[in-house]
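Provided herewith is a single structure, encoded as structure tokens, for subsequent inquiry.
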Amino acid sequence: MIEIQDLTVRAGAREILRDISVSIPRGKWTCLVGPNGAGKTTLLKALLGMNAYSGTIKDNGVEVFKDSKRNVAFVPQSPQIPSGMSVAEYVMLGRSKRDGWGKESTKSRALVSEILRQTQLFGMQSQLVIQLSGGEMQRALIARALAQEPELILLDEPTSALDLHHQIAVLNNIEMLKDRGVTIISTMHDITLAAMYAENIVVMRDGRVSLSGPVSEVIHSPELKDAFDNRISVYTLDSGRPVIVAAKDSSSEREIPQKEV
Amino acid sequence: MIEIQDLTVRAGAREILRDISVSIPRGKWTCLVGPNGAGKTTLLKALLGMNAYSGTIKDNGVEVFKDSKRNVAFVPQSPQIPSGMSVAEYVMLGRSKRDGWGKESTKSRALVSEILRQTQLFGMQSQLVIQLSGGEMQRALIARALAQEPELILLDEPTSALDLHHQIAVLNNIEMLKDRGVTIISTMHDITLAAMYAENIVVMRDGRVSLSGPVSEVIHSPELKDAFDNRISVYTLDSGRPVIVAAKDSSSEREIPQKEV
Amino acid sequence: MAVALLLGVGLLGVSFGPIHLHFDQIVKTLVGAPGGLKGQDRTLLLDLRLPRVILAALVGGALATSGAVYQTVFRNPLADPYLLGVAAGAGLGATLAFTTTGGNVYGLLPIFSFVGGILAVLTSFFISGKFFAEPNTLLLSGIAVGSFATAIQTYLQQRHSDALRPVYSWILGELTAANWRVVGWSSIYILSSIAILISISKQLDGLMLSDEEAYSLGINPHRLRIIAVVAATLATATAVSASGLIGFVGIVVPHLVRGLTRRVTNRSLATIAFAGAAFLVLADLGARTLLSPAELPIGVITAFVGAPFFLFVLRNRRMVR
Amino acid sequence: MAVALLLGVGLLGVSFGPIHLHFDQIVKTLVGAPGGLKGQDRTLLLDLRLPRVILAALVGGALATSGAVYQTVFRNPLADPYLLGVAAGAGLGATLAFTTTGGNVYGLLPIFSFVGGILAVLTSFFISGKFFAEPNTLLLSGIAVGSFATAIQTYLQQRHSDALRPVYSWILGELTAANWRVVGWSSIYILSSIAILISISKQLDGLMLSDEEAYSLGINPHRLRIIAVVAATLATATAVSASGLIGFVGIVVPHLVRGLTRRVTNRSLATIAFAGAAFLVLADLGARTLLSPAELPIGVITAFVGAPFFLFVLRNRRMVR
Amino acid sequence: PSAQAVSIPERIVCLSPSATEDLFAIGAGAQVIAVDDLSTFPATAPVTKLSAFNPNVEAIAAFHPDLVILNSTATKADAVKSALETLGIAVYFETAPNNLTEAYSEIDGLGAKVGRSTEAKTLVVNMKKQIASIINKSRKKKAITFFHELDNTLYSATSSTFIGRVYKDFNLANIADKASKADDAGYPQLQSEYIIKANPSVIFLADAEYGESLATIKKRAGWSKIAAVTKKNIVSLPADIPSRWGPRLVDFYQFIATAIAPIK
């Protein structure tokens, strides 16, 4: 369990997160959803443990702040892209922690090749990361996180630059981490996708958590809709899987899709 | 009409776009779709006319390269975020071309206020842009483009960081530009959204255009599926509006959504 | 307000010195009212102090403005107006004046250093190839050209070690050479350069964005960078040839103004210009009075007073980066 | 290969000079085989040239490595090893040695300049407040502290103008003072600093990312920056106190190696160290022989030979930015 | 009668223009095998390209000297000295004198070092006599104010410097003395308006070689009314003599004496 108690995060005078208390189960996929500016990115960064916060965040009973023993992968919303570094070098950075300073094991090289193949970057190892397209860069970033073999992976909008097919491909790859007991925490604007992959959802609004729980409970709750000012609609598929969309007009269309033509 | 003839764009030795010929109607919304790395961003930048290309791109019969008379707004996929600039100043930059060097008209100030309201950034005028959340920044970027009152607006994944509601809100705002005869060209990974807003779709793959035409024609064409290696499925709503999704498994689920519960 | 401040500082500047002149008499003399200064005091005010104070203001304004512009153009807080080799080129020019020419060396000094500074920057431009396609390439090219010029200068000084003292005292930066002729020609270049820079200051903000974004906003980033750097270089080269190398002003005054106003945009360019002018007038006053009747090199005062103040601002106001 | 190159260059370095020594005799002397050099030539080789060549290699390696590390840490291609005030502090220390101590100035000089350099950097650290939370704040703080130190130094030189020439010649950078004692103490600091820097070079690549990303990769960015800057500063301060201010090497050699190898990552740090060492050994050879019997300041050669070469690389290989 | 006195150096490399003049004047010229590039006097001195300011140890050693005379202000003079000594070459440090007494003892010291003590003593006695007689004839009864200009940024020399003492011997009043607190070594930078106010009767231009003259000085703001300018009492100093503290000091005294003779 990751236990968050009375978490408050400030930027200057402003409180971006206010008194958040929520638990996130280990070994599961938890998705943070909420409108722009709700504080999702801020919460994700707090979970990383690099910067000071007030309140407590305990991961397996240990305070996360400056706990250098954890192996946490972090996929930021907008990464700082280093110039002059190749895709292979970039992904290999994920191995630093495991290989130790200045070393590069054979295992790492094999693993990185494998991951590059999984993320469909294999032909691009020697291309510079600054020359990648938006989606390719995002995959390189995720590849680096996978190379880390983390115990916890934090993903901030991991699919925002991916095409439809790669969204699925990449999320499937991430989902497989659960087999190894990895905890996954991500933000995701596409709540349909979130509901497809996550077991738990945390709904945020205005720097607070308004609801958290299993997907099935949260998805149909008024709190979710409320977080988006009731501008979204929720449908359910035959299989029970939900689809969440916003309507184009205020007189929101509620149509039912037909079979493919 | 924007007529593109035999357009080839190189980066170093590599041809990123190869012999593209396609026309894009004025006063309409055209969406570029295709998998990551297809060359959408590159084509959008070529349409901006800043960098050299081979072939011709004629906008109303005039070559776009270094044609400084055009007023083209450009919303990049990943903007360079200036430090120390407030949201209001950032959006006001969009007025530079109209107001002239060093001036700032009353009209501009009123217009910028109006646009900040439209993009729901009004309370944040004096916040620094580097302090914005991902979605707020993307809205600021679009607000700047709107402030430009352009004749052509180029949008590279304008909704990638927006929550469901703001996606719709922002796209609605952009759509309204058509009333003033503005031409809209955007890329969009969410083909469902693309089909909702665009009149025309250009399908790209591997630096080439594989098909272009009205939404209704393109959406149901094999070329679209082919561009994504047949990993996407297309449904049609009652109203005839299409929904495009990628399946989670290779044994792609084809479920039909039920009424809201 | 900035103008009033500058005028006030200027009045202080002309009033104090080894001989103290009274404010009211100064004002009377300047406006031509009866009861003004006479004789030697009048000469002192009109022919010595006034041109010196004006030159200090011009040079301070030029360096601060150019520094701010360079910092924006190269997106580098370390950039200073001497970056592209102006200083080294001017230094080489000055040394050449001392070592190779006979006749009236001091008369040739401004011309040699001006030409040297401009030539060095042109060489940097030329070698960096695609001009401003890559600001960082230009910047590295400037460093290399500057080092090269400095190497030749040092070599010449070694060969002509008698020229060491005059070159060194020129490098220290002096406003002692101020007179109406110097003020005349330098004000033309400096004021027009500053005017150009201030008029494009709103556009310069666009350079904080990517080139494509700037282009779509109606800015030609390549051309704008060239205009900005050329104007800034012209101002700097003029300042250098009129008064040697005065350090610190160009890099610190812009950051100081930004720290105090918490603004990074180039709207504050006019404020920066005035602040630089006032700062150098005050520093020059210090240079003239602290060890009077001897004179302190102005560079000592600028850094001696400016550095602690800057450090204070840096520490106490969270700098807007 | 880099090692072989350095050894080859070193052999050239000990062989040439106003008095030419033959390779075979040098090698015999060094390995202790019969038929080696005798008398004055032997002393020349063992007590003069050898320590000088070794010192050149140490200083060159120190400056190039530190420069590369500063450039990464501050994400600034303009960064050079003198950035945080080492140079100015050391210059002030050296000036103090000349002006305040009578007697054995040269014995005290290295200590004074070393302490001055380190103190200046510590002051920059202290004033910038949160250490490395904001590299740019530290960097500006370094500039201000450096300017302040330079102001005091200039002032002292004004007050004690007889110290002008020795300080100036010290600033120019000299390897003339090389002897085994200097090589002894400087090799300890320099080699251990370089070893630390090379051992953390892979981690340094992580500093090209955002702090959060680096942290998640197992790097403590604040601590890593401090380690890197402290080690680089120690190497630089040692180099400066052993040989004065030798410019150009620290900024240009790293860019040169990156331009030639087209690599920006810090994997090339060892190559940069060797390149810096070989470059300075060659430059020193030039300093001793080119204008023989006069000796040229080594800084003149580094820039004179290095700048055109660098410009050539800059122009012909599209620099990896 | 020590062992040292026996070993008279026969291969001297002299890296100081003043010492070169001294050596030739005391008859040790034949022992000098090489002098630095600025030792231009006497004409018979064996000028080489050796630098006195930036000495190259190996280049000096290549002459196989048995004594090297080194100026103590040369670059890294200490290091050069110890390197030469490592090679078994004796080094004599020449320090710039601050006054006549030190200049004389410099000559005596050099004489002793090169085995020409008697000649050195004779030279010193002659110099003293000649200089005393010049001063006697030309010393001003009433002090005359003057300004000594080093360069056009108005650096000057106070009475504590060697050149300042020379002026003082003629009872000239140095306007730079008021600024002596600005530089321990006696070279303060004066303010233009102070010079105008001090109104010196004579101006000595050490920067005449850079083109400064009555004509250029007149053009300086406010300077045209200075007494020295109105009376045209502007003295252009020659390039080398004022900085050679050897036998030609006599010539320098004579030069000043001649220059100030018409001034009342």
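By letter and in written order, the chains are A, B, C, D and E; residue numbering begins at 1 in each of them.
We take it that a residue touches a chain if its C-beta (ideal position, glycine included) is under 8 Å from a C-beta of that chain, and two chains touch if they have at least 3 such contacts.
Model, not experiment: these values are computed from the prediction.
Path length between chain B and chain D in the chain contact graph, taken as the least number of steps between touching chains: 2. Steps from chain B to chain C, minimised over paths through touching chains, total 1. Of all residue numbers that take part in the contact between chain C and chain D, over half occur on both sides, making this a same-residue interface. For chain pairs A-D and D-E, the one joined by more C-beta pairs in contact is D-E.
One inter-chain figure worth recording: chain A and chain B are separated by 25 Å, centre to centre, where each centre is the mean of the chain's CA atoms. Work out the mean CA point of chain D and of chain E, and you get 38 Å between them. Once the centre of each chain is set as its mean CA position, chain C and chain D turn out to be 31 Å apart.
Annotation: 51 Å between the Cα-based centres of chain A and chain C. Listed for chain A are no residues, as none touches two or more other chains. Residue numbers of chain C whose C-beta contacts span two or more other chains: 158, 165, 296-297, 321. The residues of chain E that reach two or more other chains are 51, 53-54, 182-183, 189, listed in rising order. Listed by label, the pairs of touching chains are A-B, A-D, B-C, C-D, C-E, D-E.
Touching chain C in their complex are the following residues of chain E: 38, 51, 53-54, 150-155, 178-179, 181-183, 188-194, 196-197, 207, 210-212, 216, 220-222, 225, 239. By the touch criterion stated above, chain C contacts chain E in their complex at residues 17-19, 40, 43-44, 47-49, 51, 98, 102-107, 158, 161-162, 165-166, 169-170, 174, 176-177, 179-180, 288, 291-297.
Interface residues of chain D facing chain C in the complex, by the touch rule stated above, are 76-79, 83, 127-129, 134, 136-137, 139-141, 143-145, 147-148, 150-152, 154-155, 158, 164-165, 168, 172, 247-248, 251-252, 255, 294, 296-297, 299-304, 306-308, 310-311, 314-315, 319, 321. Partner chain A is touched in their complex by these residues of chain B: 11, 34-37, 41, 77-78, 131, 133-136, 139, 156-157, 160-168, 172, 189-191, 196, 220, 228-229, 231-239, 241, 243-248, 253-261. Those residues of chain B that touch chain C in the shared complex are 45, 48, 50, 68, 71-74, 76, 79-80, 82-85, 89, 93-94, 96-97, 101-104, 128, 144, 148, 154.
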